[in-house]
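Letters are used for the chains, namely A, B, C, D, E and F, taken in the order the chains are written, and counting of residues starts over at 1 for each.
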Amino acid sequence: MNTSLIPNNSLITATPEDGRQLAIKMARLVIKTTQPDDSIRKTLREIYEKDAAMLIQIGQVVATEFSTIAAANHYWASADRLDA
Amino acid sequence: MNTSLIPNNSLITATPEDGRQLAIKMARLVIKTTQPDDSIRKTLREIYEKDAAMLIQIGQVVATEFSTIAAANHYWASADRLDA
Amino acid sequence: MNTSLIPNNSLITATPEDGRQLAIKMARLVIKTTQPDDSIRKTLREIYEKDAAMLIQIGQVVATEFSTIAAANHYWASADRLDA
Amino acid sequence: MNTSLIPNNSLITATPEDGRQLAIKMARLVIKTTQPDDSIRKTLREIYEKDAAMLIQIGQVVATEFSTIAAANHYWASADRLDA
Amino acid sequence: MNTSLIPNNSLITATPEDGRQLAIKMARLVIKTTQPDDSIRKTLREIYEKDAAMLIQIGQVVATEFSTIAAANHYWASADRLDA
Amino acid sequence: MNTSLIPNNSLITATPEDGRQLAIKMARLVIKTTQPDDSIRKTLREIYEKDAAMLIQIGQVVATEFSTIAAANHYWASADRLDA
């Protein structure tokens, strides 16, 4: 399966932690699609990783992606209940 | 069918990856509708594709569009389960 | 029916494309209500239609309006299935 | 009933247009609560009503408020169906 | 019950107006937790209460908090219907 | 269980207050993952904790994370009803 925007072409993950990692990857892959040049992205990364406002905005994007992933996984309800 | 804002006039896609591509297209088509001049959009693209803050904001728009598309597709639940 | 914020006073549309058009209109009508002077809005439009960051933010507003319209129309589910 | 943040202390409205008006009022009343001085708000209004970026952000707030109001009213489904 | 982020440790309120007040309090308590120094917050308040763009952003945060509170209270549906 | 993005790898919390604390932690852990250098993050914190606009944006991220956590916990409905 050849995908560029969602690893494994699925929103389903084993755990919330995995869902969170997926949210970060999905957010990054949109930026990669919009700016495919690796060297430009590297330069931009050096900017945003030292910019408080941009880091907070990245947090906003990840939170939004994660809300979709969490809903897709029914908030990992059965896993949580098995642990309880 | 003559559409300018949603390809195929449908939110339904075969896979999450396709849904993600649709989210990006839908985000771009709103900008195209608001600024229909191809040469101006080309100039603007040269700006935003090298601007970390704008790339992050594009990620936010795509995340929001995708949340709607994912809900429309019931998070591609049956496809995921068939693959599992 | 005299309305100024939602054409036809309804969130129901025939297709996703129509829903998208409605989202753009609803976003514009809030701005028109907040700034009713046509000449000032024309001046502002000349600014935002050439500003990449503002165009992206317009995309964000439209995405948010559309998520509500899509839910109101049950994501146009039956129409999609009839076409499928 | 003495309220300062939601007129009539209810999210229920007769029509989508009324719901949209309520969204705008709710957005304004939060600002009024945060900045209760009428003359300062008047000065601020003169700024934001001529600022394209701020008008777009107001559109974002109204869209978010409206999504809650629309859900509370089940998207005015029965009214729409009676008209259909 | 010793809480610092949600008064009474509950999202349930008697009315929409109370839910709106809770949304404003919850938004403020996150800022208080991030910046616990009262005198610094007082200085910051003098800035944002006279800044149109920041007041609009506060409106956005309150709208987001309120959408969660409204869902938790089933949009105060029975109260609304008893009044009707 | 070795996690870096969600403490205890679960969205389930005992109370709304705990859910709110989790939202703040989740928001911080995304920033930590994006900028893992402790001394840089300390410098950035000194900036954003004195910047009104950034504190408001942090409030927005926390509100978004919390909406997901609250849904995962069914808005802590049974706990609220036991207290009522």
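Quick note on the criterion: a contact is a pair of C-beta atoms (placed from the backbone, for glycine too) under 8 Å apart; a residue touches a chain by one contact, two chains touch by 3 or more.
Remember, predicted model here, so these are calculated numbers, not experimental data.
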item	value
If a chain touches chain D and chain F alike, it appears here	E
Separation of mean Cα positions, chain E and chain A [Å, integer]	28
Euclidean distance of C-alpha centroids - chain C vs chain F, Å	32
Rounded Å distance between chain C and chain D, as computed from the means of their C-alpha atoms	16
Where chain D touches two or more other chains at once, by residue number	48, 51, 53, 57-58, 60, 64, 67, 71
Graph class of chain-chain contacts, one of line, ring, star, complete, other	ring
Going round from chain A, first to chain B: chain order	A, B, C, D, E, F
Sites on chain E touched by chain D in the complex	15-17, 20-21, 24, 48-53, 55-60, 62-64, 66-67, 70-71, 75-77, 80, 83-84
Of chain A, residues touching chain B in the complex	3-6, 9-12, 26-27, 30-31, 33-35, 40, 44-45, 47-48, 51, 53-54, 57-58, 60-61, 64-65, 67-68, 71-72
